[in-house]
Amino acid sequence: MGVVHGEQMVLNIGPQHPSTHGVLRLKVKTDGEIISEITPVIGYLHRCFEKHCENMTYDQVIPYTDRCDYLAAMANNFGYVVAVEELMELKVPEKVDYIRVIMAEFQRIASHLLALGVYGLDIGAFTPFLFMLRDRERILDMFEMTCGARLLYNYMWVGGVSHDLPKGFVETAFQFLDYFEPQIEEYNNLLTYNKIFIERTADIGVLPPEVAISYGVSGPNLRASGVKWDLRKNAPYSIYDKFDFDVCIGDGGQGSLGDCWDRYYVRMLEVKESVKILRQALAQIPKDGDVHQAIPKKIRPPKGSIYSRTETPRGDLGFYIESDGSPIPTRVKMRSPAFTALAVLGELSEGWMMSDVISILGSLDIVLGEIDR
Amino acid sequence: MSVDQEKLIAELVEKGLSGDMDSINAIEDRVLRSKAKSALAKAKRAAKVATKIVPSEKKTLEVSIDDKQPSDNLNQKIGHMIDKKFPGSLDSELNDTHIQLKPDQWFDIAQWLKSEPSLHFDSLQCHTGMDVGDEKLEARYNFHSMTHDHYIEIRIAVPRDNAHIPSIEQIWRIGDWFERETYDMFGIFFDGHRDHRRMLLPEDWEGYPLRKDYEVQETYHGIAIPKVKEGWE
Amino acid sequence: MIKYFRDIWESISTMMTGLGITWKHMVHIRRDNVTLQYPEEKWPRPERNIGFDHSNYNVIRSRLQVDIDDCIGCLKCERACPVQCIKIVTEKAPTRGEDIQEIGHIGVTSNSSRKAMVVTRFDIDMTECCYCNLCTYPCPEECIFMTGGPNAHKHPIDYEFSEFDRSDLIYRFAKPGTKEGMDKLKPTEKVKA
Amino acid sequence: MTVDLLFSWLSSLTSTIEDSSILLLVAIIIPCVALFLVMAVNAIVMVYVERKVAAFMQDRVGPMGQGVGLHAGKWGLLQTVADALKLLTKEDIIPEKADKFLFILAPFVIFIGAFIAIVAVPFGETVIVADFNIGIFYILAMGSLGVIGIIIAGWSSNNKWSLYGGMRSAAQIVSYEIPAGLSIIVIIMLTGTLSMQGIIEYQSGGMGNWIIFANPFAFIAFLIYFISVIAETNRTPFDIPEAESELVGGFHTEYSGMRWSFFFLSEYANMLVVCAVAAAGFLGGWHSPIPGYFDSNGWGIFWMLSKIVFLIFIMMWFRWTFPRLRVDQLMNVCWKVFLPISLINIFGVGVWTLIFG
């Protein structure tokens, strides 16, 4: 045939590798620089989250959910408490809903900033990473003044939140948003529209919508493939139906639909939308109201099971909770969005080059804490 | 890329466009196959700019059921449909929360759930195992349809000592990892799974941790697993 | 061909934009600098440059501290802990609400509730603590708390508590000798009876 | 300060010594030591500058300290000294499966490649170790010696990442030699000499006479040369051989301590050399921008060094602004953009000199 077949080399990317975003191991078969097969090996960070949950009360689970997706702990808390509240048919006060939405959206910005910055770092640009981290710090400052913690919050409780917003929070938040919005333009100029960045990401790792749905890919990764699906819009939980915002989808702006650049850019657009939601929520939040009012004395959901989904920065976070009527859950299953996103990696990166695998992996925005649980 | 290869790929892409995916899948060489696949994807993209799947408004499922309409609940309705299409596959009475199935016809039912246009469950949302006691394990599936925006939950109970369920990994691709995880944690075997290994735990781990009767190993590779930490008790 | 030159032009123009941004930041370093020279200078947490007053924040997650004189030994914090890092052992006090001089036990808390129990052991393993703050909410006497923040009047902030030995991070809050003192008290009790 | 000058000066000083071969040896060793010091000081200063430039561009302050002692001195001035001391005292690890001879050899090959190129760099009217009549050609040739060291390092480490790095580096440096060399041809066409001092002499008489401003083609040649040498010195956006987010560290993944610092030293020495060639070839070398002012011998060294530092700063500026290219895109840029443009350039310069020269 005249085709030269090189000998295949098996290469281990990880578990200790700067660009695997945690302790992930990729078993890669390469022919020179070209990847012919890639198998993710996970479980290095398995901490028995689900087994732990079977041995503690419902409220004690919340600190553990923090540690699953440690970059979006608020969103994980949110997903869990929404599931338990749905199971208990508990109605929370309006103020609590507003506080939760504000926190979840701030967390979305913080998480996306890290995802975008680290993606820049994967591609080789160092400075945008530090700019984005600088702004993320300010969001963490706001979280710290609310609940005392910077990373793992344990802020949302079943039926309420642990603390009311501190005095002056709303003003500080507005101040931050005014500062932050022009920064997005700077990120775009520095990284998004940089020709080298576009060359490295556009047309790379194209994820067709059918494949994405079959793999259960969700969140920004799914939207980048052109599927207009956002749980905040399509199945609104909490009070998301009160806000006016757009669901951002990829449009193949620099290459083809569903490529790495789209996945990156959808996140950038979502940050803008989150700012929009935050401005509305901060303006509408009720002045007074007790955030502890609806917190039950003892959390004993009725017998039954629930599958509840929320939209975290990484996609659909599902909690499947089975209760037998006791204060300890029988089973808590966490369906993590990053798990499904990593599953598609093998299909996405076949036939691409070594450097592209790093850029595809980075664009999926995985958090290993959530994958291994 | 040599000329021969290019020609071959062009042929394969043409075949693939006319619906014949087998010839591409039959290629031995992985690199060539992936090249052909990406070329096919490009060709398809050129054919239609973007297949945007926009979920329609929530609408009630219109299914003609000749005998008495049980209720509006989707689990009831679809359970009824499954019972008509695959007689004897239901494992218990229909109820509002889930559909209880027997494992034997599961693969066909799953295929039908995805292909039937009025159902079109294109997304396997969640799959997990459950130790329900009574010497039984249960596999639970949460399905969601992006096009119709409806949900059902399916449960399949199997005996604890002989837990075998047909794999649906080839229908929903994410089933691959989900089933591996369930096998890892509960020891439910999924027949027909092409890569049936443990997911999160090491290959040589003993036992299935999420079963209620699980006992922690004494040692692992000769290392004693500590029960009580030093200076504490 | 047009695409070829457009690509070159785009490369040059976008790169120039990027270079402009980094240049701007470099010359404005005095205004933009966000670094804190940590051991020499510390911001009053979490106030950075966001104009937030130190006394206003809700709580600070830092080291756990226990006012053992106020502890009534109700074990609520031990039960609330999701990682079981608190260990409490209590013994029944001879008389409720009375001081025991020998072991320094104070019978009445600052909330003037009378103690029925003597806490002979109150250990917190800070290596295991997950800083979830769950133990502080149920405490009826508010005697277990995280240092600093609104609790600064009880105990100043303390977040630099690294140790060379891991066992030094197990904090033993019960007064030393309480256990032995209680053992000694017991036989005298019997004689009285 | 050529060796000949030094030799005659030494022999006039010590007329008592009979054997002139000792004097010759001394006359050779003194400039070598001086050059080594230049290299070392260059690396120490440039690492410090690079860290500060990076920090300032990223809204940080970089290495800082309140005073000598616990911290790195005022403004962190002692940071690189501390780093060098750390590297010197660090454990030297040679992987068990490595090819030990080659593994030890590689850093020296790279270092020598950078070191002997400096010999022909003119720092002033008389401050040059050896003014060859083929100076610029010599520097180009010696500069590409380093790639052999990189390949050796990549191969001998017996590490797949290092191998990737070595292979990428070989392809990259060999390719980028060509546009760099073709841009140098523009200088040679204008000046008609290969000697470094000859090229600089040609540019005397103020900024207007610098080759970069001689004609538009020369300006483009300067740009191509500068970008190509960034690729040759493995710096972002062309740092794919060491790409820390892909190849962990590329060819120097397995090196540690002093051996690793040799790579570092030669990276900065290479930067010095290529920037010196750019400064001498395009920016008038040790000539002052204003004719007649500040043009004495001491000022010559100042002008040369400030031009070199300015170009190195631009390299740093690039590094902290841009992402990294992929290996095939790198080749595309070289063969599809730089090569045709520099060929057209040569033609253009020829026509330009024919019409206006």
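For reference, chains read A, B, C and D in written order, and residue numbers begin at 1 within each chain.
The criterion applied here is as follows: a contact is a pair of C-beta atoms (placed from the backbone, for glycine too) under 8 Å apart; a residue touches a chain by one contact, two chains touch by 3 or more.
Bear in mind that the values here come from a model prediction, so they are computed numbers and not experimental data.
Visitor: If you count the C-beta pairs in contact for each pair of chains, which pair comes out on top?
Guide: A-B
Visitor: Closest chain to the protein CA centroid?
Guide: Most central by this criterion: A.
Visitor: How many angstrom lie between the centres of subunit A and subunit B, each centre taken as the mean Cα position?
Guide: Distance between chain centres, rounded to whole Å: 23 Å.
Visitor: Report, in whole Å, the distance between the mean C-alpha point of subunit A and the mean C-alpha point of subunit C.
Guide: Once rounded, the distance between the two centres reads 28 Å.
Visitor: Between subunit C and subunit D, what's the gap in Å when you average each chain's C-alpha atoms?
Guide: The separation of the two C-alpha centroids amounts to 53 Å.
Visitor: On a C-alpha centroid basis, what's the spacing between subunit A and subunit D, in Å?
Guide: 45
Visitor: For subunit C, what residues touch not just one other chain but two or more?
Guide: Correct list: 15, 18, 21-22, 34.
Visitor: For subunit B, what residues touch not just one other chain but two or more?
Guide: If we look for residues of subunit B contacting two or more partner chains, we find none.
Visitor: I need the residues of subunit A touching at least two other chains; which ones are they?
Guide: Residue numbers touching two or more other chains: 127, 134, 190-191, 194, 196.
Visitor: Per the contact definition, I'd like the list of subunit C residues that touch subunit A in the complex.
Guide: Contacts found on subunit C: 7, 10-11, 14-15, 17-18, 21-22, 34, 45-46, 48, 50-53, 56-61, 80, 82, 130-134, 137, 146, 149.
Visitor: Looking at the complex, which residues from subunit D come into contact with subunit C?
Guide: Contacts found on subunit D: 53, 55-61, 64, 66, 317-318, 320-322, 336-337.
Visitor: Within the complex, which stretch of subunit A touches subunit C?
Guide: Subunit A reaches subunit C through residues 56, 59-64, 66-67, 127, 134, 137-138, 141-142, 144-150, 152, 154, 162-164, 166-168, 172, 175-176, 186, 189-191, 193-196.
Visitor: In their shared complex, at which residues does subunit D touch subunit A?
Guide: Contacts found on subunit D: 54, 57-60, 160, 164, 236-237, 239-240, 243-246, 248, 320-329.
Visitor: In their shared complex, at which residues does subunit A touch subunit B?
Guide: Residue positions touching the partner: 1-3, 5, 29, 31, 34, 36-37, 42-43, 46, 48, 50-51, 54, 206, 208-211, 213-216, 226-229, 234-235, 249, 251-252, 256-257, 304-305, 307, 309, 316, 318, 320, 322, 330-331, 333, 335, 339-340, 343-344, 347, 350-351, 372-373.
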